[in-house]
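Notes to accompany the following structure.
When the chains are written out, they are named A, B, C and D in that same order, and each has its own residue count from 1.
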């Protein structure tokens, strides 16, 4: 059993070591880094990317990819404002509706991918442009502001001293880890990514699973958008631009194979934390933003490289 | 006469499995040297070593007296060795002409590829294969399997080869095409080319070969001039044991009809099929490649839902529009291609065995690992899967054990109808007998078994009834006692039974084994 | 053929939708906030005295005269304009001698990243923050957090909500810019000329504000001028160039002038006019930094460029921040001293006015290097 | 040719129109869409199809078409490059900086192209030999190049390049040089892809790597080669990009990689590898330019541009799927 665990978690172990090393170095660079305040705050800042990375892990484990999450994020954000201000819906209803629209947009991706057998990269490249265009067209580039105070509790408030969105993220993280690791749905996800034909031939509901996964990806992007709007108190149609690259980087850094079939939610969590720790820690130790980007790119390649080299003599 | 090719003491292992053990044989110029052996005997591996695709672990290959060790197929080709592969290594998006000349295309004075010469050459080659109907400008992806085979052969011929290796070139060809090909082979031979010819069609070998070498389970059995052996000799050299063991069919009394299919059609590949399978009965389906057998199975199993017709289980009509539907109706399908359709190769035995019954071993969607583990251990024991344990990845198992995993996965669903497509393709003789025994035992327990096989001995040895398909239709039906190789073979190829040996090419493997 | 149908249908559909959307909103690119156009002559706008409406810092240590650490987070880094403000800040810091200032920020004008940058610097413990907001509302929470941690906050270029910072250095009032630009254009192309606008994006607050003020002022004071359309071009050189060229092609002789609303769009528009050989026939008026405009001004393709001096803007912002830290600038003050710029006037409660925008012409443009 | 093939005197029938149409189906569709667009919008506003506007459409987007040539090759080989936008930004900046610092103009043009080839050869090595998926390598490169560029330059604008450096502004027979570059490079690349063994090898690797290996194609060097050539096209695109205007923004052009990938895909290059032509991607780049321009002429707000692009990709891909299924 330990042997199996080792094999399954090899990348996670490498990543964990990297993370610990990074944390130690970063903490040595700035006394502000290793403080509860800073760490909790980082949790707040990474909540949106973190949330979207969870369904993205599923997507990539099935061998797919979803480039449209940033655009769905923008679309949901804009619609939250439009539903609430222009259509006069009560804010809670508008929130739910905006999240649902995200889910529908995600289902749209899933539909194109399963029904027409369009490769996910292309399908979501198309909807990346399409959903962003809709967001811009619908909003006519106007921002919606002036939300009631209670709404900001979601993105700016705290529960038991921990940022509220961090709770949401932790709950979603546990649920995602549970689903992918322990349930029949998780097994189906891995089976699809390893060998979609064999999964289909084994009587698994492949299309339904993919539809659900892409739908969830959109839904969570919508949820993240609502949280984000609450954090920054305004909606704009350009929100979430380029978000997909951050999310995919975190997931791939977390050891999920871009070819599918391999990856864990725990790995994604580690990848996320490593990324955020680098962003924050390097900034605190005086490295500028552009330098941080370089380091993250290099760490991404290095992590996969090390993983490849180690697995070569493993298998 | 000096030897064109000499292979001496060649061994090769893949991981823990030793697939070739000290093989030696030789080929002379202007000779057709048949290579014979059961599936899994190591013929393909041996051919790949000669063709430079893989390297031998031990031993030596000498070409025209000089020791050679090819780093790549291109190097082998440069030395005048051309190969027609069994698994048709073509480029579906490229044209016929280009597929033939890729890698050694004619060039113009300026070094550009000469497409006109390429197309003219391809045309000429195909004409010499009596295939004037094949358009050199169409993409290979649009061709039928038989036509792709012709392209593959033309590709090998396009090299100015001293030695041509043909790996079951006639397997997918109908009678007339096969004869046409044999003419081509003879022409090559007369020109002084040495030919390694792999085929299961014994009559073909007798008509064509000068000498024959037999392999069994990766070992060299012997080389004989064709005149010195009979079919019976070759079969016993190949199989090396009594056939009774290979086909341990237990006589059963079939019970109620479980599966009934009425006028089932799928597009134009499955035409108006009607059949019944009863409990405890094994119904074999024979036919050539492309006869629509697998397509029929896929339609019953819901991968390609029927476009018309009816499927009945226990006399009640059912709708099967997905494999999931079929699974719920207790229909199981062990597919033709283990690697790509049957198994999740990177996953463990445990994960594969539970794949089709995940919902049943789950409590509130959570997979019960303990139950899963015991299921896997039971399967390992019951099916005699040779593995280090439930946590071994299936890609590390041998072909026969992989097939047992697929079978175990489906038996776990407690099916009432079991469809097996090429159940023993590419697995060694011992495992073959085990699979057959399992099949027989399952039927004995009341399963309705529908078996598709291209190995006529298997069909004849295991079936209670034999159906023959051709062109997507069922063209003949035999009871076990009436199913002779001649009769079934003739039905498959639409030739009259009792025709001469050469004109009754049996499109199946090891036909004369019975 | 089916594919062609597909494509045509998709195109048709989208264009139909697009046109419909266009039809019910004659959109100029301005925002929907109230405007306050200035008088057509040169009467200065009445600066209504307002009480201080900026935020208050809590628990700030007394650092009067002591060295402080300051970070400047502009909208984005890597464009000429903010390089210039950053230079001004550095100059001022050097002059003051007791300030350690650095500039850091996102590579795209992205609110999320800007907020993250500010957050990190708050944690790392700076004494003062200078900012140019990508979104006045989105940036407010993090700035308030800074104030609550005893960090002094001064904005420049693009404001936030007033209560999220202490002071804002206003380079020029929106209605002032609107008037200057439209008056310049009218002078060059006449009272009945037609013009178009190349802006960054319709969501950029400053640009949207200026356009709204321009539209109001034009309607009031130059009613016969024809407003053709406004196109978006991000902060992207090549896109701005393409858009300007397309406008020239589309309107041909009808188009007499192009407004460039950003320091990227103006030189790109000038380049488009130059490459179309329309120098002298199409006027380019806009906001731009002198360095980028020198080639066009030298060739007489562009007569004048309006811009406050961004180096001065950064310089002033740095001085204002130092004054706040030292306690020299308190709510209710009427003016503040800013080094070589002298006394700067305080308007609108908590805004420091930089002064009149500079007009760069062939004669003086060589004197500026930013 | 082999000696054993019988006489070649038998005439091969000329390629039938149908099969020609089949292999260039996507190109015809895009051409048709272009014609529809030109006729439709030209009818609405004749100035859309004035020589001036057509020229500016080509000029302003030639660099995208050129970058898409290399991208098409990479995708045909079964890989992808999401870092091309950053690479173009970096190379453009290098070129401009050299020009301002007085290096000979020839070097200012050649050195960035060479650097692009070296960088992408490195990417190719990581993909082919270290076996890291191309999307991961280039995702990493995207960050490294983008961040690195700004770290080094601070995003300062580069201006004051000598006029003889501005190659994109040279004119020949009244047409700007970028148009010639686009047409000539597309034609050369198309011929090369069609008539060179290496070009065919790219198709073979993307179509069926296992078969390619058995056919004797050395896959790993070929992949490195494809990325290197892609680097060359990115370098040329960067030079045109940098010399189009008097000023170089030394940052990474936003979303350029997506535009380039989209041009390739809409041009008929299958993301699964093995099919497509560089002519298609150039046509698609022109189509996008035309759509962008037409929106201004049709008075459609630029808000909808992205939505139209998204629908275009979907329509193209769905139609392609439908066409394939029918065959």
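Everything below uses one rule, namely that a residue touches a chain if its C-beta (ideal position, glycine included) is under 8 Å from a C-beta of that chain, and two chains touch if they have at least 3 such contacts.
Since we're looking at a predicted model, the values are computed, not measured.
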Exercise for the section: Please find the path from chain B to chain D through touching chains that uses the fewest steps, and give that number. Expected result: 1
Problem - Relative to chain B, chain with the most remote C-alpha centre - result: C
Handout entry: A-B against A-D, pair bridged by the larger set of C-beta contacts
Key = A-D
Practice task
Using mean C-alpha positions as chain centres, tell me how far chain A is from chain B in Å, no decimals.
Solution key: 45
Fill in the blank from the handout: Distance between the CA centroids of chain B and chain C (whole Å) is 72
Fill in the blank from the handout: The distance between the C-alpha centres of chain A and chain C, rounded to whole Å, is 34
Problem - Where chain D touches two or more other chains at once, by residue number - result: 146-147, 150, 301, 303-304, 307-308, 311, 314, 318
Problem - Of all residues in chain A, the ones touching two or more other chains - result: 137, 140-141, 288-290, 293
Handout entry: Two or more partner chains touched - positions in chain C
Key = 17-18, 21, 27, 77, 107-108, 202
Fill in the blank from the handout: Pairwise touch list, complete, is A-B, A-C, A-D, B-D, C-D
Handout entry: In the complex, chain D residues that touch chain B
Key = 1-8, 10, 12, 15-16, 19, 22-23, 191, 194-197, 200, 203-204, 207-208, 210-218, 274-275, 327
Handout entry: Of all residues in chain B, those that touch chain D in their complex
Key = 51, 53, 72-75, 77, 83, 85, 89-95, 98, 102-103, 105-106, 111-113, 115-117, 119-121, 123-125, 127-128, 135-139, 142, 157-160, 188, 191
Fill in the blank from the handout: chain A contacts chain D in the complex at 65, 112, 116-119, 121-123, 125-134, 136-137, 140-141, 245, 248-249, 252, 258-259, 288-298, 300-301, 304-305, 308-309
Handout entry: Of chain C, residues touching chain D in the complex
Key = 2-4, 6-11, 13-15, 17-19, 21-22, 27, 77-80, 83, 107-108, 202, 229, 231-232, 234, 236-238, 241-243, 245-252, 264, 267-268, 271, 275-276, 291-292, 294-296
Problem - chain C residues touching chain A - in the complex, by the definition given at the top - result: 17-18, 21, 25, 27, 31-32, 77, 102, 104-108, 110-113, 115-117, 119-121, 123-125, 135, 137-141, 201-203, 208
